[in-house]
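One chain, chain A, appears in both complexes that follow, with chain B as partner in the first and chain C in the second.
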Partner chain A sequence: MTRRSALAFWLFVGPFAVGLLLFTVVPIGWSAYLSFFDARNTVTPSEFVGLANYIDTLTDRAFLDSLGTFTVFAALVVPTTVLLSLGLALLVDKVRVARAFVRSVFFLPFACSYVVASLVWKMSLFSGLDSGVANTVLGWFGGDPQAWIGTVDPPLYWVVLTTARLWLQLGFFMILFLAALQRIPRHLYEAAAVDGATPGWQTFRHVTLPGLRGALVAVVALNLINAYQAFDEFYNILGDARGYPPFARPPLVYLYYTSLGSGGQDLGRGSAGAVVLALVIALATLLSGRLFRRRA
Partner chain B sequence: MAVETSRRAFLAVAGLLGLAACGSDTGRGGSAKGTIQQWYHAYGEDGVQDAVRRYAAQYPGAEVEVQWNPGDYDSKIVTALQNSGVPDVFEAQVKVDWVRQNRVVPLDDLLGDARGDFVQTLLESQTVDGRLYGIPQSIDTQVLFYRPSLLAKAGLTPPATVDELLEAAERLNADGVRGLFAGNDGGVAVLTGPLLWSAGLDFLDADGTGPGFDDPRAATVFGKLRDLHTGGGLLLGSPTDWSDPGAFVEGRVAMQWTGLWNLPKITEAHGDDVGVVAFPALDGSGTASVPVGAYSAMVNARSADVEAAKAFVKWLWVDKTDHQAEFATKFGTHLPARASLAGATEGTVKQVARFVVDSGRIASPARWPDRANTALSDAVSRIAREGAEPAGELRAAVGTARSEIARLGK
Partner chain C sequence: MSRVLRSVVLVMALVLFALPFVMLLRTALSGGWSVFADLFTDSDVPFARSLVNSSLVAVAQTVGQVVLCSLAGYGLARVPYRHAGKVLGVVVATLMVPTAVTFVPSFVVVSSLGWLSDFRGLIIPGLFSALNVFLFRQYFLDFPGELEEAGRLDGLSRWGVFWRIVAPNSAPFLAAIAVISFIGSWNQLLWPLIIAQDSSTWTVQVALSSLLTDQNPKVALLFAGAAVSIVPIVLVFVVLQRHLVRGVTETGLTG
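Moving on to the complex of A and B:
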C-alpha cells in the first residue's frame, strides 16, 4: 500500500518536479555559474573571471540607473493603482443596474496584450504628430503639440508609460477590491449605523478600510512585483530596432540588452546582474515581511 | 484489475510520448538531410522574399530552404550561432567575437577572379585579421532627402555645412511641416557616425586599436546635435521611424535622413521635387559623408556540411551576377556590391553612387565592439536629448570603448 501510494505520488508530482528542475532550478544554478565566467556568446564558458562580472555590474552606471528607473516607476504606478482601483471598486459596488456589464467594462483592458496596448499608446494615442489623440486634446485647450515619447525634459514619456500600465491593470485590482468589499459582513455596517457613525468617510475609515486590510497588502505586494517585472511596455514603447535610449531603462530591459540583445551577448555579466537583482528583491521582501509582522 | 491495466497503459503511452518528444529535439528543425538552411532578415520591400526563394529553388547543387525572419533578426542570429548548426547560410555583418570563437568560416577561396570586382571598402569591412568572412550582397546607404521647392520658398540652398543644416531645419519648420526627421530618437542612432565623420573623427582611430573620438571636436559636434534638438525644427514621435519614408512621403517634413532604398516610394510621392545630399561637413577639417553598410552572406562553422554551404554561397553571391543585380536594384533601391553591375544606374541613384565612391564610410566596422557602441550612443543621447555636458559624457564613453577595443585585440 505504501509502495503504491509512493508510486502514485511520483506519478503525479514527478512530471512537474522534472519540469521545475529542468526549466527553473537548473537554469538558476547555471546562471549563477555563468556569472563567474567570461561568457560572451556562449553558455559553456571556459575563462574563469572571479568577481569581475559583479564588479562590472555594480559599477555600471546603466545598471544603477535601471534601479532608479524601477523606483520611479513603482513610485508612480503603485499608489495611483491602489487609489484608483479602490475608487473604482467602491463606485462599481454602488451600481445597482447592469452591474455585471459595468464590472466587465472595467475588467476588459486586463485581457488586452501589453504589446498591443503599447503599440496603440505609442502610435495612436501619444504619437508626436499634431493629429495624435493626446495632441488633439491638448490643442482644444490651446496647448502646443508635444513629442510625448521623444521628450526627455520634462520626462513626458512617464505619462505614456504610466497611463498604459494603469489602463491595463486597474480592472484586475478593482476586481480584487470588489471581492474583498463584498466579503465585509453587512452587520458591521448596521452596527456602525446604530452606534451613530455617519455614512461616508466615517464608515469608510472605520469599517470598510479595516475590512480591506488583507486585500490592500496583497494589491501593494502584487503591484510592486509587477512594477519590478516591467518589460513589455517599456521595450515596445521606447525601444526600436536600433536599441534602447539610456533613460527609463528598467532592470529587466537592461538585463535583456546585456545578455540577449544584438550587442554581443554577454551572458556572464547578464547573469551577475540577475543574481544581484534577485538578492535585492529577496532583501526587500524580507524587510517588508518583517515590517508587516511588527505592525500586526 | 481494470484500473491497474489502464494505469499501466497510461504510463506506457506517457513514456512513449516523452521519448518521441526527445527524439525530435535534434536542433535540425526536422529538415531532410542535405538540405541547406538559409536565413534572411525581413526586407521591407515587396518582392524580395519571392526573389530569394526563387534563387534558392534554382540552385542545382542541393535543396535550399529559405527562412524569412521578421523582428529582431540580429539578436536571433547571435543566439542561433551559439550552439546550433542552423542556419547553414545567413546574412549578417561580421563580428570579431564570432571570428575569435570560430562561429563562422573564412570565405576567401570563394571569390577567385571576382575579388577585384567587389567594392573594396565593403570587403574590408567584412575582413578580420586578413581573412574574409562575408560576401557582400549589396550596398545600403543613407542620404539626406529634401524637397527643393520648400527650400527655394524659404530662400535656402541644400545644406553644405552642419550649421546650414541646423538653420534649414529651423527655417523650414512652418505651416505644420517640420524641418527635419532623423528618427524618433532625434538622430542619435543614425547620425552619430555622420556627425563624427563631419568633424574628421571616426569610431576607431586610424590603426583600429583605440577609439577615434578622443578629441575635443567630438564634444563640439555632438553639441550641434543638442542645438538641433532645442531648435524646434526636428520631428519626433512619428508613427514610423527613420528607416521608413512615411514622414517625408506624407509631407510632414521638408527633409528626412533615410535609406536610399526608399527612393522608389519617395519619387512616386513627390516626382521631381526630390533632392539628395550627403551629410555635410562640420568645417574644413571634416568631410561630407554617407554611411555604407551591407549584409553579407556568411557560413555557420557548425553547419552539418560547411563545404555544401560554401558552394551555395559561391553560386548565389559570386557566380550568379544576374541574381545579384536583380536583388540589389529591383526591389527598393540598393547599389550593387560589384563594380561590373553598377553601370546601369542613372539620375538620383547615380548621384548617390557618386557619394558612396567619394565619401562612403563604413557604418559599423567589424572591430567596433557593440558595448562601445552602446556607450557612445548612450552618451550622445544624453548630450542631445537631456542636455548633459558633452565633454564628461564622452570621456566615459571613450573609457568604455578603449577597454572593449583592447579586449577584441587579444
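Moving on to the complex of A and C:
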C-alpha cells in the first residue's frame, strides 16, 4: 500500500519536481560553484580564484551603489503605494454606481507590461520636449520645462520611475485592500457607532485599520520584494542607444550589466553578486522576522 | 469626507489612470491609421513575428504551468507519502529565492543545454513555478473529500479522480491561476531579453524594448506596436476579469 502511494505521489509531483531540480536547484548550486572561479565567457571554468569574485563584488562601488539605489526606490515606492492603494480602495468601496467599471479602470494597468508603461512615460508623459504632458502642465503654472530623464541634478528621473510603477501596481494592491475591507464584519461598525465613535477618522482608526493589518503587512512585503527585483522600467526608461547611465542601477540592472551585458560575460562575478544578494535577502528576512516577533 | 469632495477626487483619479492609455493611442494615431499596416510590413522591425512568438510562449507557459503545478499541488495536498513534508519544504524554500538571485544561474544552465535563441529556452524554465504549486496545494487542502470518495467508489484511480472530478470542479481556481500566468508570461522582459539573442525569437516585449532604446526610434510606429501588444491582454482581462480579481484576492496572501 505504501509503495503504491509513493508511486501515486511521484506520478503527480514528479514532473514538476524534476523541472524544479533542473531549473532552480541545480542552477543555484552551479552558480555557487562558479562564484569561486574565473568564468569569463564560459560556464565550465578551470581556474579557481578563491574569494576574488566576492572581494571584487563587495569592493565594487557600483555594487554598493545598487543597494543604495534599491533603498531610495523602495523608500519612494513603498509608502506611496500603501497610502494611495488604500485610499483608492476606500474610495471605490463607497462607490454606488458603475462600481465594476470604476474598479476596472484602476485595475487595467496591472495587465500592461512595464515596457509599454516605460514607453508612454519616457516618450509622451515625461518627454523632455516642451510638448511633453508633464512639461505642458508645468507650463500652465508658469514652470520651466524639465528634462526629467537625462539629468541627475535634480534627479527628476525618480518621479518618472516612481509614477510609472504606481500606475502599474496600484490597482493590484487596491484589489487586495478591497477584499480585506469587505471581510471586516459589519457588526464591528455598528458596535463602534453604539460606543459613540464618530463616522470618519475615529471609526477608521479603531475599526477599519486594525481589520486591515494582515493586508498591510502583505502589501509592504510584496512591494519590497518587487522593488528589490526592479529591472524593466529602469532598463527601458533610463537606457538608450548609448547604453545605460552609470547612476540609478538597482541590483538586477547591475547584475545584468556585469554578468550578461555587452561588456562581455563574467559569470563568476555575476554568480558572486547573486550569492551576495541572496544573503542580503536572507539577512533582511531574518531581521524583520525578529522585529515582528518582538512587536507581537 | 463629503460626498462631493469624494466624487471630485474619484473623477480626477479616473482621468489620471486613463491618461496613459489616451496618450498611447493618440501618439500612435499621430502617424495616421497606416502606421498599423506599417507595423506588419516594415522589414526593419520583426513585429509580426514577435507577436506570434509571444502568443506561442504565453499559451505554452500558461497551459504547462497550470497542468504541472496543479498536479504537483494536488499530490502534495492529497496523496499521503512519507517524504511529502520534505518535498514541500524544498518547494517553499525555492519560493523565497527571488529572480535577482536565479536569473544568472538559470542562464548558465540554459546556455549549456544549447537553448539560447530557442523556444525551449524561452518556455521550459518558466514552467516550474513554486508559488503556483504552493497556491494549488493550499486550494486542494480544502477540496471536499466526499467528491473524491464518490469517484473512488466508482472505480476511478487517483489519477482518474484528479482529471474526472477534482479538475472540473476546480475550474474557477484553475482559470484564476491561468489568467495570472498568461499576463505574467506575456509581459515578462528580462528572461526573453537574455535568452532570445537572435531577433527571430524575440517576444513582443523584447521587440518593443529594443525599438525604444534604439537610436532615433520611429515614435508613431513604436506606439502603434505598444497599442497592438496590449490587445490580447486587454481581451483576456475584460473577458476573465472576475477570475482575475478572485485570483488576486485568493492568492494575494492576505489571509
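The rule we apply is simple: the second predicted complex is superposed on the first by the 294 of 296 C-alpha atoms of A that agree within 3 Å, B and C clash if a C-alpha of one lies under 4 Å from a C-alpha of the other, contacts with A are read in each partner's own complex, and residues count from 1 in each chain.
Here is the rule we go by: a contact is a pair of C-beta atoms (placed from the backbone, for glycine too) under 8 Å apart; a residue touches a chain by one contact, two chains touch by 3 or more.
Being a predicted model, the structure only gives us computed values, none of them experimental.
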Touched partner set for A:D240, first chain B, second chain C, both or neither: both
First, second, both or neither for A:Q169, with chain B first and chain C second: neither
Identify the partner contact of A:M123: answer first if only chain B is touched, second if only chain C is, both if each is, neither if none is. both
Touching A:D266, do we find chain B (first), chain C (second), both, or neither? first
Under the stated touch criterion, which partner chain does A:N41 make contact with: chain B (first), chain C (second), both, or neither? first
Pick one for A:W148: touches chain B only (first), chain C only (second), both, or neither. first
Counting only touches as set out at the top, which of chain B and chain C does A:A62 meet: first, second, both, neither? first
Using the touch criterion from the header, give the chain among chain B and chain C with more contacted residues in chain A. C
Would you check which partner chain A:T81 touches, where first means chain B only, second means chain C only, and both and neither mean what they say? neither
Check: chain A residues flagged as touching chain B and also chain C 11, 43, 122-124, 240-241, 260
In the complex of these two chains, what residues of chain C are touching chain A? 1, 6, 9-10, 13-14, 17-21, 23-24, 27, 68-69, 71-72, 74-76, 79-82, 84, 87, 90-91, 94, 96-109, 111-112, 124-125, 127-128, 130, 133, 158-159, 162, 183, 186-187, 189-190, 194, 205, 208-209, 212-215, 217, 219, 222-223, 226, 229-230, 233-234, 236-238, 241, 244-245, 248-249, 252-255
Can you check the complex and tell me which residues of chain A touch chain C? 2, 5-6, 8-13, 15-17, 19-20, 22-28, 30-31, 34, 43-44, 88, 91-92, 94-95, 102-125, 133, 167, 171-172, 175-176, 178-180, 200, 214-215, 218, 222, 225, 228-229, 231-232, 235-236, 239-241, 251-252, 255-256, 259-260, 267, 270-271, 273-275, 277-278, 281, 285
Parts of chain B lying in touch with chain A, wherever the complex brings them together: 11, 72, 74-75, 78-79, 81-83, 95, 97-98, 101, 103, 176, 183-186, 188-190, 235-239, 241, 243, 252, 369-371, 373-374, 377-378, 381-382, 385-387, 396
Can you list the residues on chain A that touch chain B in the complex? 11, 40-43, 61-62, 122-124, 126-130, 132, 146-153, 240-243, 245-247, 257, 260-266
